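You will see two complexes here that share subunit A, one where it goes with subunit B and one where it goes with subunit C.
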Partner chain A sequence: MSESSATTRRGLLLAAPAVVPVVVVLAGSLGAALLQSVGLMPFAGPATFTLEPWTGNAGELARSAAVSLYIAAASTLLAGTVGFAAAAYILAMPRTGRLVAAVSAATIPIPHLIGAGAVGLLLSDAGFLARILGMPDGGFPTFVGGPFWSAVIFEYAWKESAFVALVIVGSLARSVGGLCDAAATLGAAPLQRITHVVLPLALPALAVSGLIVFVYTLGSYEVPWLLGRISPEALPVRAVRLFGSIDLDSRPQAMVTVLLSVLAGAAAIIGGLILLRRMRGLR
Partner chain B sequence: MEYTDPDDPLLTHDFGVPVDGCEAPWHKAQFTYVYNSEAIADPPTSLDGILEWAEENPGRFTYPAPPDFTGSVFLREVLLSTAGGADEVPQTFSQEAFDRLAPAAIQKLEELEPSLWREGRTYPRDEQALNRLFANGEVDMTMTYGPARLTDLVESGALPESTEILPLKEGTVGNASFLAIPANASDAAGAMVVANLALSPEQQAAKANPEVWGQFPVLDMDRLSADQRQLFKELPSSDVVPPYEVLSRNAHGELAAEWVTPLDQAWRQDVASGR
Partner chain C sequence: MPGGGAGRVLIGLLLVLWFTLPMVPVALWAVAGRWHAPAILPQTYSWEGWSAAASSGLFPALLASALLGAGVAVLATPLGFLAAVSIRRLPRRYARPVEGILLAPLAIPPFALVMGMNVVLLRAHVPAAGGVLLLLVVTALPYTVFMFRSALAGYDDRFEEAARSLGASKAQSIRHVRLPLLTAATSRAAFLAFLVGWGDYIVTLIVGGGQLRTLPMTLASAASATGNEQLTAVLSLTVVLPPLALLTALLLTRRHGRIR
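Moving on to the complex of A and B:
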């Protein structure tokens, strides 16, 4: 009894230097954002409690939230699909798989800002792709700033699929080879091996990395700012615009936008964890 | 301050707020329209003409989205134009004046939307994005507060060689930049020395050289000695940018800062999210 509590205490002490600063910073900043959003910590003037920033722009906030959720969902879906396919290829093919693994590993260190700039240069109306295809004067579909945020989703899907692929490969590499061979000797076709052996084994890693990708793209700023439309805008873009506005009265609205983004992310995390636990319960 | 004109309207008010000696002027800026002379053979001479040209040539004109500074001032210029001139809009903000004058400007921009680049479904993020569209030949006009930079950009090839300034008959908005000392500055006296240096004719002339920075001086030429005036006469002239006197003909001052946010918000609500 005392030994397990001693180990717990030791474990907590070891984790404390990492956890305590995170909790302090998060609690402090979220608390400050909450206070500013209800007018209790104004930039100038007396502190008066008011829920106006929360209720005043409901329509705009709802549109921005919808845009953020759409971009996050589409990016996660694409990144998960492409990432899983890449992981299956890496595990199945020993030599060319290593090439794909190297390309995935090279994609990860690229910052999203650089990636967004590159995608912008590639897919804009007078960009690289448009010039190669010989149509700089119209006719090229609108990816950057287009109606479906296609350039934004493409950038996220590209970068995050590499992340998903490497997470899945890392969690599977050891176990999958033998099981796939066993399935082959039992007469399974290659596609059946993927859907009945690799996919179920990869599901926890896929789910966790998918959750990470979803929450990350929900709060990411640079890509929708560089490659997205002016209106409606994603939650982080709206927050930064209002925060940097010359009108200091916009500050509470910026805090509301940020907190909404945090709430959406928290809801996604909780929902995702519940789903994961249920998945583990079924196996 | 001895070399500046005390009655210069650009120096007595800073976005509608009287300066009262609280800031030291640094340089002047003039909002200018720029066009590609190869694409536009017969350029318009008024803002109304520009908007008419945009409607006749759909997809070849756009403006940066407010709250970018350049997009915001374009909004205010349209406001002055639809109101009937710079004298029709009071410099100080009042809700009554806003409710009376803003709807016409917003409506004008809404009507313009289908003729804009990408049919107004999106706008360039800022002045740099608009310049890139202009350089790529996707639009035939751009706008800027700092026309002096154009000389450099055309020389380096960033902008096409047929880039030219578009002067308007009714003039455009001009303003001045100021230097200010924070109340809790640790060395206010030293800061004041720097401000004096920045106002000296030698510094202003060096700064006005397009090869250095190209910012227009705030000094009054009549108050300078012949030698000091010579410093300015010797500045290299540019093929692209006419001298400041031409650019600032009929210039009007900025509206008060309180006009900026309501206009930007009205634009975002009615024009940007309209479609």
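Moving on to the complex of A and C:
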């Protein structure tokens, strides 16, 4: 007993240098955001409790939340689809797949800020794609800052599909080859091997990476800031704008937006984990 | 794949195009001189973008970003290793909450962490650079912990026991058995942590308060204004190329090691 409690104490001491800063930052940031959002930690002047920042702009806040959820859902769907296709290709085509694996892996270390700048050069109305298609003046759809957030969704789908592919290939690389060979010996066509062997095996990795992509895109600032519309705004863009405003009343509203984003992310994670557990139960 | 050989190649080409196309205009703009609207390719080529970048503070920004990335890697890698060892040793009822806390920053958007924490850092009189470093280390820890967790999961203590029973001292077994086996995980963890600092924008923007001019800060001010295509492209390449070179070097040394 005493030996095991000594081991436990030593183990906790080993973890402490990592755990302490994480706890300080999590508690500090969420606590300060909560206090500021109800007027208890004002920038200047006396502290008075108020729910006005939460209720005052509820309509605008709801529109921002809807925009963020739409961007996250569309990006996750596209990234999952293309990412799975890329993973299936990499796993099924040992030789040409290597090139796809290399270019998708090279996409991963590119920060989203750079990705957003690149997509701006590609998709803006006099951008590279408009020039290739020969329609620089008029006729080219408004992707950057357009009504459907297409440039934002494209950037996320592009970068995150590489991530999805990496996760799926990593989880399947050892198991899938033999099973595909067996299916081929039994007469399965290539497409059948993908839908009946690779897809069911890839489903857990696809679901986990999809959840990560959804939560990430929900809370990411740079891409909707550079490529999105000004109104309605995505949640992170709204929060940063209110935070930087010289009007001191907007600071509590910024914190409401922060906490709403955190809650939306947490709800997505909990919902996603419940779904994942059900999926495992079904098999 | 449907459609036989040609179909397979076509799908492969479409996938390669999907992953590479967004960076093509960046590469072209970085060396373009004059490139007016209907032209598909630049009309003239020049190093204008590079000299514009040099005069808008490219080198100090490069140094600031490299230092920030290195600082995050130097702190988050050993802390992640210690935490992963501790999670492996602790009884389950302690290990699970410790792991949960260390992975939690992944669930919270970086802008939310930063905006809440900003006032705390100000009231505690933490200098801007220290605050940025603290927040980025916390952001990087889930990755380094995860990397070492998966490396240690496949690590067998009996390797070291075997070395000891063959007469190696404790120090020798650590140096010749444990370290080589953990080198790959260490370099991967350090690389990810470096990327967190190297590519960060939002933490530097809000906590740094304009004092820290890193590469992404310089890039963002170029990219958000119009008519800066060359500068944006050059700065993008200086952000993207060093980590890619580092990654390639890592992969090559690992392959070299495997051959031996």
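Here is the rule we use: the second predicted complex is superposed on the first by the 264 of 283 C-alpha atoms of A that agree within 3 Å, B and C clash if a C-alpha of one lies under 4 Å from a C-alpha of the other, contacts with A are read in each partner's own complex, and residues count from 1 in each chain.
Going forward, a contact is a pair of C-beta atoms (placed from the backbone, for glycine too) under 8 Å apart; a residue touches a chain by one contact, two chains touch by 3 or more.
Just so we're clear, the structure is a prediction, and the values are computed from it rather than from any experiment.
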Checklist entry - In the superposed arrangement, does A:A126 touch subunit B (first), subunit C (second), both or neither? => result both
Checklist entry - Which partner does A:L113 reach: the first (subunit B), the second (subunit C), both, or neither? => result second
Checklist entry - If you stack the two complexes on chain A, which partner ends up touching A:A33: first (subunit B), second (subunit C), both, or neither? => result second
Next on the checklist: I'd like to know which partner A:I246 touches here: subunit B for first, subunit C for second, both or neither.
Outcome noted: first
Checklist entry - For A:G56, is the partner it touches subunit B (first), subunit C (second), both, or none of the two (neither)? => result neither
Next on the checklist: After superposing on the shared chain, does subunit C or subunit B touch more subunit A residues?
Outcome noted: C
Next on the checklist: Contacts for A:I230 in the overlay, against subunit B (first) and subunit C (second): which applies, first, second, both or neither?
Outcome noted: first
Next on the checklist: Per the contact definition in the header, classify A:P147: touching subunit B only (first), subunit C only (second), both, or neither.
Outcome noted: first
Item to check | Common interface positions of subunit A, toward subunit B and toward subunit C | outcome: 126, 136, 225-226
Checklist entry - Can you name the residues of subunit C that touch subunit A in the complex? => result 1-2, 8-9, 11-12, 15-16, 18-26, 28-29, 37-40, 79-80, 82-83, 85-87, 89-91, 94-95, 98, 101-102, 104-117, 119-120, 134-135, 137-138, 141, 145, 195, 198-202, 205-206, 216, 219-220, 223-224, 229, 232-233, 236, 239-240, 243-244, 247
Next on the checklist: If we count contacts the way the header does, which residues on subunit A are in touch with subunit C in the complex?
Outcome noted: 4, 7-8, 10-15, 17-19, 21-23, 25-26, 28-33, 36, 41, 82, 85-86, 89, 92-93, 96-97, 99-100, 103-107, 109-111, 113-122, 126-128, 131-132, 134, 136-137, 155, 158, 161-162, 189-191, 194, 212, 215, 218-222, 225-226, 236, 239-240, 243, 254-255, 258-259, 261-262, 265-266, 269
Item to check | Residue ranges of subunit A in contact with subunit B within the complex | outcome: 60, 63, 125-126, 136, 138, 142, 145-147, 225-226, 229-232, 241, 245-247, 250
Checklist entry - Which residues, counting only subunit B, touch subunit A once they are in their complex? => result 59, 65, 67, 118, 121-123, 125, 133, 136-138, 257, 260-261, 268, 272-273
